[in-house]
Amino acid sequence: MSNFIWDKDRLSRTGVAEAVLCSNKSPQDLVDIIEFNLQDKTPILLTRLTQTQWAKIPSEIKTALEYDEVSQTAILLPQHCPTPQAGICIVTAGTSDLNIAKEAQKTLVFNGFAAPIYADVGVAGLWRLMDKLADIQQHKIIIACAGMEGALFSVLSGLVRAPVIAVPTSVGYGVSANGKVALDSALASCAPGVLTVNIDNGFGAANAAIKIFNQFNSSSET
Amino acid sequence: MSNFIWDKDRLSRTGVAEAVLCSNKSPQDLVDIIEFNLQDKTPILLTRLTQTQWAKIPSEIKTALEYDEVSQTAILLPQHCPTPQAGICIVTAGTSDLNIAKEAQKTLVFNGFAAPIYADVGVAGLWRLMDKLADIQQHKIIIACAGMEGALFSVLSGLVRAPVIAVPTSVGYGVSANGKVALDSALASCAPGVLTVNIDNGFGAANAAIKIFNQFNSSSET
Amino acid sequence: MSNFIWDKDRLSRTGVAEAVLCSNKSPQDLVDIIEFNLQDKTPILLTRLTQTQWAKIPSEIKTALEYDEVSQTAILLPQHCPTPQAGICIVTAGTSDLNIAKEAQKTLVFNGFAAPIYADVGVAGLWRLMDKLADIQQHKIIIACAGMEGALFSVLSGLVRAPVIAVPTSVGYGVSANGKVALDSALASCAPGVLTVNIDNGFGAANAAIKIFNQFNSSSET
Amino acid sequence: MSNFIWDKDRLSRTGVAEAVLCSNKSPQDLVDIIEFNLQDKTPILLTRLTQTQWAKIPSEIKTALEYDEVSQTAILLPQHCPTPQAGICIVTAGTSDLNIAKEAQKTLVFNGFAAPIYADVGVAGLWRLMDKLADIQQHKIIIACAGMEGALFSVLSGLVRAPVIAVPTSVGYGVSANGKVALDSALASCAPGVLTVNIDNGFGAANAAIKIFNQFNSSSET
Amino acid sequence: MSNFIWDKDRLSRTGVAEAVLCSNKSPQDLVDIIEFNLQDKTPILLTRLTQTQWAKIPSEIKTALEYDEVSQTAILLPQHCPTPQAGICIVTAGTSDLNIAKEAQKTLVFNGFAAPIYADVGVAGLWRLMDKLADIQQHKIIIACAGMEGALFSVLSGLVRAPVIAVPTSVGYGVSANGKVALDSALASCAPGVLTVNIDNGFGAANAAIKIFNQFNSSSET
Amino acid sequence: MSNFIWDKDRLSRTGVAEAVLCSNKSPQDLVDIIEFNLQDKTPILLTRLTQTQWAKIPSEIKTALEYDEVSQTAILLPQHCPTPQAGICIVTAGTSDLNIAKEAQKTLVFNGFAAPIYADVGVAGLWRLMDKLADIQQHKIIIACAGMEGALFSVLSGLVRAPVIAVPTSVGYGVSANGKVALDSALASCAPGVLTVNIDNGFGAANAAIKIFNQFNSSSET
Amino acid sequence: MSNFIWDKDRLSRTGVAEAVLCSNKSPQDLVDIIEFNLQDKTPILLTRLTQTQWAKIPSEIKTALEYDEVSQTAILLPQHCPTPQAGICIVTAGTSDLNIAKEAQKTLVFNGFAAPIYADVGVAGLWRLMDKLADIQQHKIIIACAGMEGALFSVLSGLVRAPVIAVPTSVGYGVSANGKVALDSALASCAPGVLTVNIDNGFGAANAAIKIFNQFNSSSET
Amino acid sequence: MSNFIWDKDRLSRTGVAEAVLCSNKSPQDLVDIIEFNLQDKTPILLTRLTQTQWAKIPSEIKTALEYDEVSQTAILLPQHCPTPQAGICIVTAGTSDLNIAKEAQKTLVFNGFAAPIYADVGVAGLWRLMDKLADIQQHKIIIACAGMEGALFSVLSGLVRAPVIAVPTSVGYGVSANGKVALDSALASCAPGVLTVNIDNGFGAANAAIKIFNQFNSSSET
């Protein structure tokens, strides 16, 4: 008997397909899940799939997967959407936040959304953000990734009409070693309307953005 | 010289009017702000206005304000929208979360939105939530208020298509004394797509919901 | 002189035999303890025995031990009870909680109890729990293992008559990285009567369940 | 419309009647709840009812309530069970833990259980505990209340066959100011099988003990 | 025997005169200190002198003191410097930070420095800061006061050549309730060179600024 | 039945008489304890007896007690030792630490020890400590009381042969608001041999010093 | 120029010779220190010398050192005292605390003291402690090492006249993972007079015990 | 498209050139940044460049870099200033703080400043600091590096006229394991005017010192 129960209805019930968080899962559990979906011909997204875990997946299964080392994601039976839905963008404070930004991007693309990244626009050099602001303002929802003190969340939110989904990242050292300061900065933001997800949770931010889009563009889907 | 600078452009720049967080403000600062807007004939929302602060406001100014003790809000020059925008609802785990739920409600109503509250549907008695679920599912965005262990956020988010904005409340004692457990439960939710604001921040949750609505319904408003 | 004092009377004094927590013990200390009990022909349970520690135990001793890598347990002189005592079950929120669930299971089986596991019934997909609920309700005591936000504890406890012993697991990342959120959720549960043990302490939960059973069924056993 | 939903089925569903945690509830909410049950002739238990709250309840309603200042509990329509169920006792480390011990006692008595208290048997003077040990050992379940460093939990659990339900209390100062050290001592106990509830949660400990009893003595009740 | 030892040499040894932190001091201790300096004709600065403490000081002594309620400071034998030293300014994120800004201002003025305050220039409305930037940039050292998420520290430091001394304030609620988030934001700032003092320590920030000035302008003073 | 068990043997068993920590005790409990010892003609020490508690003790009992408001102690049947034992002194960093220093002093004097206090010798003005150093060095054991950053513990311990018992005090604000920084400074001291007790625990420090003295001078006492 | 300054006077100034904490020191710094003392023919104690560091010390120097892997200590120019000073003993709760107990033992022996260890007498099986109690009571000072919940400190201190120096150890998992619970239990102990040092600081406990002895037995030594 | 945006104007805007924090950056990102500046012939400073990262940089690029293993810094196109600016010194409590002191030193030297280090002058042996005090007092700004309890910050600041910039280091174990105690000691210092940067942030301290110097010596530079 396998150890997991597949939530086949999640897509219809909540508007987002179930994905697989690979942390703490044994190689056997991962293979069980992948094979179950392969047989079913169901594309799935795997997140937090470390290189160590990836190395232990049998190579005959690997051929059905598209693995990305930076974002630690893999897609089973990847299918490329010819006309992705626009309206969501991703902004990062530094280049060190890119792995998390790319987890969000992979999740969005897997679900049929375009997801441009505006990287390295942190507030220590405000002109970097100002340079890109007009582009960023074109989007209906903004996912912002920042570590250290997370000042980007407040500054950005004061400059745009779009809701900002903050993804605090575990980039930093000393008091900011594990993302807690960036998280609390998002929560305590003086700019009203900043929304927050867990530290390093690019996947969750993308899910929330998709849920929002589905609510308003779902005329044909409900 | 008064100590504040009024952000007159905030509405056009970010889609939400500036409100006044009254905590830590002296009576004189509050009166300055109110009078400035009275002269300007600008309706404003005041939040976290304690009864002690309210008692110190001169009565001739009070007549222009509508004060609500439970939510600790006041509205200057209140205007009642005949056709409020539907689509957002508020859910609470217990009756103790109502003061925060009502801060969210006041903020929504002030901005022209309807905001029904579904109270006391916490997960210890799951049937209470199930009874109201069909009604709750009619809304495009759900604001959920819960203290203690905040299990409502995950359960609710797994049952609806709408994005859930979690407002952890400072209801509880012992380990949950100040809302930290409910906050962390929202952030660590196993249900992808839960979005979080600061503890007791009903105002912020309402702002975020309004920003989302404005993004998708703003064709006629901008 | 060896460094340990064996608590031979614990079984009669407290109703549960002494077991060996292997963490922080040197290979020599472990061998001393095992040989002492081998000579005595006393079956014992070793917990938190890592693969690294296991590898350092001399092979002539290993033959008397049954080692399980997932639960990091070993049993000296294992004896299989033909008619295990029914009434206790184990429930997990996800497949990632299985190693802890199995530590509880090994402890129960070693002490003569049956211990079925109902895995992957977390609350993000409530129907998974509902599907198994009738089976789970057949048991007198329920051990529940969950990490992340630990919402399972409250939901489950509201649905059953049995006392729920919560085992928070160190499954999660960001704010829930080490099991603290799941622990606090169990302690702050809105469902009265949830009992808690330390993070990842499947062994302790099983001991408590056994102590409860012994109290009520011990007429013939003492 | 009142703000609460009464969980009438909780008794049959979980084996324990719903009680009312009065913290954070407004006087009007409390009166609504009491009157609802008065009309229904349903005895209920109110916990954490402060003297300030009690003073605001109308006197015509007070006559139907039995209020205890030390434990901050009140019972609506109290009924005294002539033959309370024996088997549960309460132990406290110091006299300062008595208010919490009495919350547990009131809860047990309200549900038809006898609940003797053995007070002031903390481990700094071990003979005080030893003097009472034979009496304490007569019980099937022990609720232990201790603040400060909570050493009582481990010592007691090593001396009895009964499961120990630890109630850490917020008695102490400096590092132990709010019960966190006593809580963690219970969770980290070197004596296997200690079960824990939230700080100062005498009510929860009593509920758990009742649930255990109901499971094993319920032949005639289910 | 009085309980204090006056540090008469501090001014010559460290460049700053000893001041009196009144917190935790009894009325008698305060009177002893004031009288000691009155006899000596030494002007001193008292900080954190609450209204309650102030009320208990005998009125014949009060006449020699200039008390300011907002900053909770008093000056014994105040002397107004006709040509204060320019070069230091104070910036605040909101009006709620003014009490701390004024503690810094009083300390500077007492020591012969001019200390203009630029209030309410927090980053949620970036134009408020931009409007004042040219003025702020005229100063050699900037003391910045901000609570909540403290994003002002990083933004400001990226826009000026002057060193920024951050004073995190205990303005906020929920995660930012006591100034810890603002403090950590200052420490973790992505803008290199931000210097920090304790939460609400306007006095310390002013002292540091004075020490810096004394080092570079002391040719004629030492 | 009274709620306490008096530990009459503690003096002979541990070398220190039992004292009464009054925190969290009801007026009735305090009166019971005092009357029990009055009848027994046993002098006792009461600590942490607030003015509020003191006001509620019946005046006929008060006459047998010597109350000190600063140290919040009372002594029942006080007896003044004509030839107190020398060798222990108390040192404080500031005048704000005096209430704790005096709790230690009262405890020592009650037990027959002399206990001079050297106040206000904190390290910000090192000469204040140096001035008193020769006197301090005459003692066999030093109790040091300091709040804020607690640097006194390390500096003092590096200058004397006597063991230093550190009493961190809850004097400070911001990061040092409740004595935690001073406590951790004592524990992490770079000067080997610093010993620590709980925050504000002057009583405990005095007890430890007495126990040490009793061990080495007890030839005639045991 | 070498990076260290040797404190040659520490022995005469404080009664304990300087030792070397090897953590964070580079191999070159360690060799510099050892050679400096070798030339000087001064025996020294090195603590926290990991096997990795030990492996990098040149073998010609190693011959002058006695290294002990369990306690991570080394002694330069070891000299064995024929008549060690009696009166100090070390007690451990479990076998896992032995490495820290042995650091204390090595420190004591290096300074001319006998230091017997009574291991594995934790309170879960109280008889183990009772069995050794008469022996333990023969000592003037007791160093107690315990991890997990640290209940040993309070129980032991209530049973002996000697002062107890608590060494909390980093033995445990979950809430007690790094020794914090054991530390706080020592500080919050209900048994007055427990003294505490930093987590895992066997060296510091031994230093304090030596300082105490030197104070009382130093007539012939100073 | 590369992932970074170079802040070419930072030098003129803030007075300090942009440096590269290498933590969390991929080898490719590092190479992109180095090559960009090589082509531009711009000297840059790289900090927190681990040996692992250094090993992955292509050797043809390495020849343009000067790498220092202890401070984990590298300088691109190093240029040695013949007449460095005097006035800043660095002080360390122990030899274990040297790696952080050297990060500060490298930063200062790269920017044209002399930066002598006074090492191992911690307060446990106060004479070590006193020996060097006259030299240290010659400087206008002092950067002090200390871990453990950080008592050096307060003692030093009380002895000099110069402002002290505290760099808490992550040297210590137990309660001081990650530099938090040293940080809080700096913030809570009883010596007014201590300024603080993040734990282990030698780079930030140097930047702040440079900014201060630039402000006062910039007549010819602005």
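Lettered A, B, C, D, E, F, G and H in written order, each chain numbered from 1.
Operating definition for what follows: a contact is a pair of C-beta atoms (placed from the backbone, for glycine too) under 8 Å apart; a residue touches a chain by one contact, two chains touch by 3 or more.
Everything numeric here is computed off the predicted structure, so don't read it as measured data.
Among D-G, G-H or B-C, where does the A-H interface recur, judging by over half of the contact pairs matching in residue number?
Of the listed options, the interface copy of A-H is G-H.
Measuring between mean CA coordinates, which chain is farthest from chain A?
In terms of C-alpha centroids, the chain at the greatest distance from chain A is F.
Have a look at where chain G meets chain H and say same if over half of the interface residue numbers show up on both copies, different if under half do.
Result for this pair: different.
With chain centres defined as C-alpha means, what is the inter-centre distance between chain A and chain G in Å?
Between these chains, centre-to-centre, one finds 50 Å.
What whole-number Å value describes the gap between the mean CA coordinates of chain D and chain E?
Comparing mean C-alpha positions, chain E is 50 Å from chain D.
Can you work out the whole-Å distance between the CA centroids of chain D and chain H?
57
Going through chain G residue by residue, note those that touch at least 2 other chains and give them in order.
Where chain G meets two or more other chains at a single residue, that happens at 13, 124-125, 157-159, 174-176, 180, 183, 187-188, 191-192, 198-199.
Which pairs of chains touch each other?
A-B, A-C, A-E, A-H, B-C, B-D, B-E, C-D, C-G, D-F, D-G, E-F, E-H, F-G, F-H, G-H
Give the list of chain G residues in touch with chain H in this complex.
It is residues 3-5, 7, 9-10, 13, 18, 21, 23-26, 29, 48, 168, 170, 178-180, 183, 198-201 of chain G that touch chain H.
Where on chain H does chain G make contact in their complex?
70, 95-96, 98, 119-121, 124-125, 127-128, 131, 147, 171, 173-177
Touching chain B in the complex: which residues of chain C?
Those in contact with chain B are residues 93-94, 122-126, 148-151, 153-155, 157-159, 172, 174-176, 180-182, 184-192.
Along chain C, where are the residues that touch chain D in the complex?
Against chain D, chain C makes touches at 13-16, 19, 140-141, 157-163, 165, 183, 187-188, 191-199, 203-204, 207-208, 210-212, 214-218.
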